[in-house]
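Structures follow.
Each of the next two complexes has subunit A plus one more chain, namely subunit B in the first and subunit C in the second.
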Partner chain A sequence: MTARDNRVQTILWADLSNGSTRLEMLPEEWTRKYLGCRGINARLLFDEVKAGTDPLGPDNVLFFGTGPMDGLPVGMGRMSIACKSPRGTVAEGSFGGFFGPELRRAGIDYLAIRGQADHPVYLYIEDGRIEVRDASHLWGLKTNETDAALRKELSDPDVQLRYIGPAAENLVHASPIFGNLNNSGGRAGCGEVMASKRLKAIAVRGSRGIRVADYDAFLEAYKVLRQRLDLATSRDMWTPVWSTYGAPVLARLFTDIGNLMTCNAREMRWDFDKATRISAENYLDNYVTKAKACWCCPWPACQKLHEIKSGKYQGFKGGNYWAAQPVTFGSLIDNDDLDWLLVISGLCNQYGLDVFHVGYTLAWAMECFENGLLTMADTDGLELRFGCQDKDGLIDLVRKIAMREGFGDLLALGCAEASKIVGRGSERFCLCVKGQELEGIAERNLYMVALGVAVSEVGPDHTRWYPPYPCNPSLISKEELAELGIDLDLRLAFQGRNPEQKGKLLRWFTISRAIVESMPSCVFLVRDTLGLDMRPWWNLFKAATGVELDYPEFVMAGERLLNLDRAFNVREGYRRADDHPPIRMATEDVPYFGYRKLDAEDFEPMLDEYYEANGWTVATSIPTRKKLEELGLGDVADEFDALGIEVE
Partner chain B sequence: MKQLELRYVAHVTTITDILQEGHQTEAVTIRELLDELDARYGGFHELFVNLDTGQLNLNTMIYYSDPGEVPISVIDLDHPIGDGGTVTFW
Partner chain C sequence: MKRIYVIEDLCNGCRLCETFCSSLVNGVFDVKQSRINVIKVPGEEKDIPMVDCNGRCVRPLYDDGGPTCVAVCPTGALIYEERDDAVARRLELEAAREEHGLFKVIAPWKWPLPWRRPGADKVTPVMETDL
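What follows is the complex of A and B.
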C-alpha cells in the first residue's frame, strides 16, 4: 500500500463519447486558492462549461470532487458533485457516506465526466485505473436493484457506488444521484445530467493510504475540533440532541410556533397530534433499527435505518428521516401516517426521485385539484386532496412520475414547469425559486431563511448557509466576533422578522459553509460558534496539506467560491430579479400570530444588504471588477467584459 | 387549580418518558411549574435552570401560550402561567 499526500490534487478526465481517460495533477496553487471539493469544483465548472452550454448535451461536464481532508479519520467523508443544471444554474450537491474517501484512496481527487456514451455504461475505478464498462443490463433498474446487482457483479460487498434510478434515466426534473441506498445529492438535476451521458453508475475501490503533512500539528488541531464537536464538551447543548434525533425533531416545535408549512404552505400550523405522530421522537422509538454514520463522523449518527414492524407495510425497510420527509410527505400534504410516509419516501429513493420535487409538486397538484384547476379527468381518476385519502393511488402516482406515465408525466416536469402548462393562477401554488422546489424550512417568519433560499445559486439549498436550529446567538460572543473581524450584530440578525443584519449574517454563513464543504466536512457539524469561527478547520487544513496560508486567506477561499458560483449564474443570464421568494410567500399573509407576507419593503433591503456586503452591484447582483480582482478572479471579470456583461 | 397542556420535545422526553400530558397545577409561574416537574421526574432543574443566574439556561427553550394566543419564548422564569395554557419544553 502506498500513501499519498494532500498538497497537490489529482483529476481524472473521462470522455464518454470516445472512451478516453487521462489523469492530471491540478495546479498546486489551487489547493491554496480554492481548498478543494466544492471550491475546486466551482473553479472547474466555471472554466470547463462555457456560457450557453446545453445542460443535457455532451459539453456539460459532471464533476465528482473530494478534497484534501477527505478520507482522513476525522469525520471528513463528504464529497461534492457539480455540473450545469438542466435549469441553467449551477447544479451542486453534497454527499456523505464513504465514496469520497474511497475515491481518494484510489488516487483520484476529482472525476470529470464529459461527452455522451452511445449505450449505457458504468465506470469502474480501482487504484487510479479506470474502465468504461457496459451497463445495458443495469439501465432501468431501481437504485436498490442497481446497488445489489453491482455488488454481486463485482463480487465486492464493500465497493463504493454512486448511481441513478429510472427517474433520472427518464430525465425527470430534479433527479439527484444516489449512493448507499438512501443518500442522494445534487437535486438541481445532477442525476439528469448523469443520465444524459448514459452513465448509470460509478464503482470505486482504493487501497492507498493518505498522509498528513504534519502529524503532530494535525493531532493538536483535531483535539480542538473534536472538543467542539464532542457531545460532552461542545458549548452547544443541542449537539447531542441533533446528533440523536436529527432535523425531524423540529416538526413539533415548528407547528407550535406557526412555522410548519402545511397544505402547501397555505397554513402554517398543523394539528399538534399529527405532528407528534410523524415526529422524530415517534420515529426513533418505533421504527429505527440501526444508527449509521458517515466516514469517521464524531457524532453517533444522524442517519438511521428503519423498518416498518407491523400493518399493511410490515417489513418495508429504508433509511434516513431528515427534515425533508416530515414536511414533504407529512404536513405539506396533510398526511400523519408515518408508515405510509416512510414507504412513499423510500419509493422515491428507489425510483431515484427527489423528495422535495415530489412532495411540493403533489402539494401543488392537490391545491390545484381543490381549486378546480385539475380534475379527475386530468389525474387519471385520482382524487387528489390534502389528507391523502387514496394512499395506494398516490403510491402509484410516484411510480408514474418516475416512469413519466399519464398524469405523472406532467408532475415529472416539477411544479414550476407544470404550473406554466396548467396556468389559470396555478403559479400561485408553486413554491419554487429558480425553477427548483423549496425545502423544509418556512420563510415568512424567518427572514434569513427567505433570503438564503432566494439568493442561493443552485436554487433552494439550506446547506449552503445552514443556520443551526434552534438559532442561539449566544454560541459566539461579541469579543470572539471582533477577534475574527466579523462586524455583525447577532441580536438583530437573529430576530426572525426583522430585516436588519440579515444580508451580513447570510454572507458570513455562506462563506463559512463554503469553506466547510471545500475541506470537505459536513455543514451539520458547525453548530458550535455557529460555524463563524473557522480557525479549527484552518489549523486542520494547514496541518493536513502543508500549505501555509493565513486566516484571512483561508476565509477568502470561501468568498472566492461564492463569487465563482455567482459568476457562473451571471454568465447564464441570472440577475437580481431571479433572487426572489415564491409568489405565495411574497403575497399572502400567514394566517396566524400576525405574521405577514414577505413584502418588498422588507425583502428588498435585505437583498441590498447582502449584495453590498458581498461587493456586488446592488442593481444587478453582478460581482464588481474590484471585488473579483481582490479575490484573484480578474479572469472572471475579463470574461464578463468579453461576453458584453456589464461589470462595474 | 389550573389545567395546563405540557409538551416535551427531543431530549426532554428522556426525562419524562412521555411526549405530552395534561397537568393540573397550582403553580403561578414557570419556575414553580419547573419545581413540580423536577419533583415528579427529576432532571428538570438541571436541564432548564442556570445555577449561576437562577434563570433559564441559555441553551434551552420554553414556549408558553395562553389559549388562542401567540406562543412566546420564555425569558424570565417568573413568567406567569394561566388556566388552559400550553407549555413546551425544549
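What follows is the complex of A and C.
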C-alpha cells in the first residue's frame, strides 16, 4: 500500500444516527493555517457546532484529531479530542499512547462523529474502511474489561483502542475517554459526549507508511530536539527527574514551601512524613514494576506500571502516578496510605472516572461534613472526614459515583453543581472554575497559575500553558528573546507572587503550547528552551510536511487556535466575568508565609494585561475585529456581527 | 563481533527503535519495513523487542556509526557490544538494581546524575564504569 504524506489531511465523517460515513480531504491551506490536531479541531468545532447546540444531543460533534507529526517519531502519539462540553464551554483534551499513529496509518487524520445511535455501538476502522458494530455486550463493562474483551474479539495484538467506562455511560461529570488502560483525555466532558452518542469504543488498525517531505532535514531537526530532551544533554535540571520520577517528586518540597493543597486547600502544608509516604521516591522504590511510554517518546519512564506487593490490596495492579493522584487522593483528603491511594485511583481508571473530579468533590464533601452541611443521613451513613478513616466506605463511594447510586449521585454531578444543591455556604469549599474542578496546582503563590486556570477556555487545564513552575531564565538571553519576538522580562515574569508580566507570560505560554499540541507533540517536552524557542519545532514541521512557512507565521497558528477557542466560548455567552479564581483562592489567605489571597487589586490588572496582550476587548474578553482579521479569521468577526455580539 | 543485544525488561514499549529503523532505507516510516519489532502482549505488561539485524546499520543517525535503534533507545534496553561487554553491561544493571529502585526503569549508563548508594547519607559522584 502506498505511503502517505503530511501536507493534506483527511477527515472521516460518521453519523451514528443513520450509519453514514464519508471520507474527505481538508483544504491544503489548513495545514499551513492551523497546523493540525488541536488547531484543526478548534476550527472544525467552531464551524460545525453552532451556538446553543445541546451538548448531549445529536448535533454536538466529537472530533478525534491527529496531525502531521503523528506516526512520526516526534508526534508522541498525541491526539486531541474536542466537542462542546456539557458545561457549555469548549471541551478539548488530549491523550498520548498509540491510537493516533494507528489512525493515521489507516489513512485518517480526523474522525468526526455526529448523531446518536439507537443502541450501543463501537467503530472498527481498518485502512480507511469503517464499520459500525454492535457493542451491547460491551456496554456496562469497566475500561479494563472493555480493553480485554475487544482485544479478544478482534484477536490482533496491535489494534489500538479508545473507550469509555461505566461512569461516562451514566453521564457522570467530567468523565474522560480512556485507552491503553491507563491513559485518559478529555476530562472537560468528552467521555460524556461519547456516551451520549451510544459509542462505547473505537478500534483502529492501519497498515500504511508515512513519508516525510524532506527526510535529511527531518533527521537533522530531530537531532536538535533530541539533544534538548535527552537526559544526558538537556540543559534543564528537571529533565532527568521528570522523565523517571515524575511530578510526585515535588510532594515533599511543596509541603515545605506551602504549595501543597491539603484538606481541600484550607491548609497549604502537610505533614512531611505523610508527604514522604506518598512521594515518587517511595512509589518508585516499592511499587513500580516496569517503565512505559507513549509512541516514540525520548523519555524513559514518564509512565510506569505498578503492583501492590503486600497487605490488604496485595496483587492490585495499575499504571501511572503523576501529579493528579498524590494531591487528589493524598494531601487533599489527608490520606497517606499509598496502597489505598493507588487502589482508589486505579478504580477511578477502571470505572472511567476523572480523578480530579472525584478527589476535589470528595474533599468538598468532607469539608461540608465537618462543617455540618452534610450529615450521616445525606452520606448513606458514611463518616466523611479528612484523614479517610473509613477506607472501605470511600472505595464503595467511588463505585456509587460511577453508578450514580445514593449519595454517589450527588457527587456525580461534580463539585460545582453539588454545591449549588447543598447551598448554605458550601460554595466556598468548591474549588472549581467554569464548573470544572482544579488540577492540584497551588494558585495563591503562583500568580501565573491563578491567571491561567481562570482564563482557560476549557476550565482548569494546566497543559494549556505548561509548565506551571518557572524554568531557569538564564537558559536564554535577552538578545535571543528579542530575536524570537518575545517581549518578556523572564526574571520578572517568573517571580511567583508578582502580578507584573503575568498576562504576557501566560499569553506566550498558551500560544506556544498550542503550537506544540497542534503538530502534535507532547507539552511535557517543552523542557530546556523548547518552550521559548520554537524553531526546532518549526524545522520539524517544515521537514515533515513540506509546507513553507516563516517563523512568525508558524507562531501565529497558535494564536489563531487560542482566538478560535475564545470565540467559541464568546458565542456561548462566556465573558470576562467568567474568568475568575475559585472563591477560596480569592477570599482566604494562606495561613503561613504571608501568602495572601488573590484579591481584585492584584488579579484584575493581570487579567487586563492578558486580554490586552491578546488584542481582545479588555472589558468583555471578546477578540477584536482587528485582531481576528490580522489572523485571517475575519469570518469569526462576521459571525459575531450576525449574532449581535458586540465586537470592537 | 559487536551485536545488538536486548535487555527485555528495560523496554518501555515506545517503538522508537522500530519506527526509526523502518525509515532508514527510503524515508518512509512504516513498521513493516523494520528490522526490529516490538511485540506487545495484551494487558500492557510486556514489551518484547525482536531483532532481525546484524547491527551494521544502513544509516547510523550519529557519526559514531552505532546502529540508529540503539542510539535512540531512551531506557538502555538495546545495547551494541561485543559479547563479553554485553555480559558486563547486564551485570552492571543487576548490581545497580540492588542499589537503587531507579534502575527498574532506566539503565545506569543512561542515568546522568549520581545516586545515593545503600547505607550512604550522601550522593557520591558517578563512578566511571569499566566499559
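Convention: the second predicted complex is superposed on the first by the 639 of 648 C-alpha atoms of A that agree within 3 Å, B and C clash if a C-alpha of one lies under 4 Å from a C-alpha of the other, contacts with A are read in each partner's own complex, and residues count from 1 in each chain.
In this text, a contact is a pair of C-beta atoms (placed from the backbone, for glycine too) under 8 Å apart; a residue touches a chain by one contact, two chains touch by 3 or more.
These numbers come from a predicted model, not from an experiment.
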Where does A:210 make contact in the superposed view: on subunit B (first), on subunit C (second), on both, or on neither? second
Between subunit B and subunit C, whom does A:181 touch in the aligned arrangement: first, second, both, or neither? second
In the superposed arrangement, which partner chain does A:498 touch: subunit B (first), subunit C (second), both, or neither? neither
Of the two partners subunit B and subunit C, which one touches more residues belonging to subunit A? C
Using the touch definition from the top, say if A:272 reaches subunit B (first), subunit C (second), both or neither. first
If you stack the two complexes on chain A, which partner ends up touching A:244: first (subunit B), second (subunit C), both, or neither? both
Note: overlapping subunit A surface for subunit B and subunit C spans 240, 244
Can you name the residues of subunit C that touch subunit A in the complex? 9-10, 12-16, 19-20, 22-23, 27-30, 32-33, 39-45, 47, 61-62, 72, 74-76, 101-102, 104-106, 110-113
Touching residues on subunit A, where the partner in the complex is subunit B: 236-238, 240-241, 244-245, 249, 252-253, 256-258, 272, 276, 279-282, 470, 472, 474, 592-594
In the complex with subunit C, residue positions of subunit A that touch it: 3, 71-73, 98, 147-148, 151-152, 157-158, 180-182, 207-212, 215, 219, 223, 226, 231-232, 240, 244, 284-286, 288-301, 303-305, 319
Spell out the residues on subunit B that touch subunit A in their complex, using ranges where they run on. 7, 9-11, 13, 19-20, 57-61, 63, 70-71, 86, 88, 90
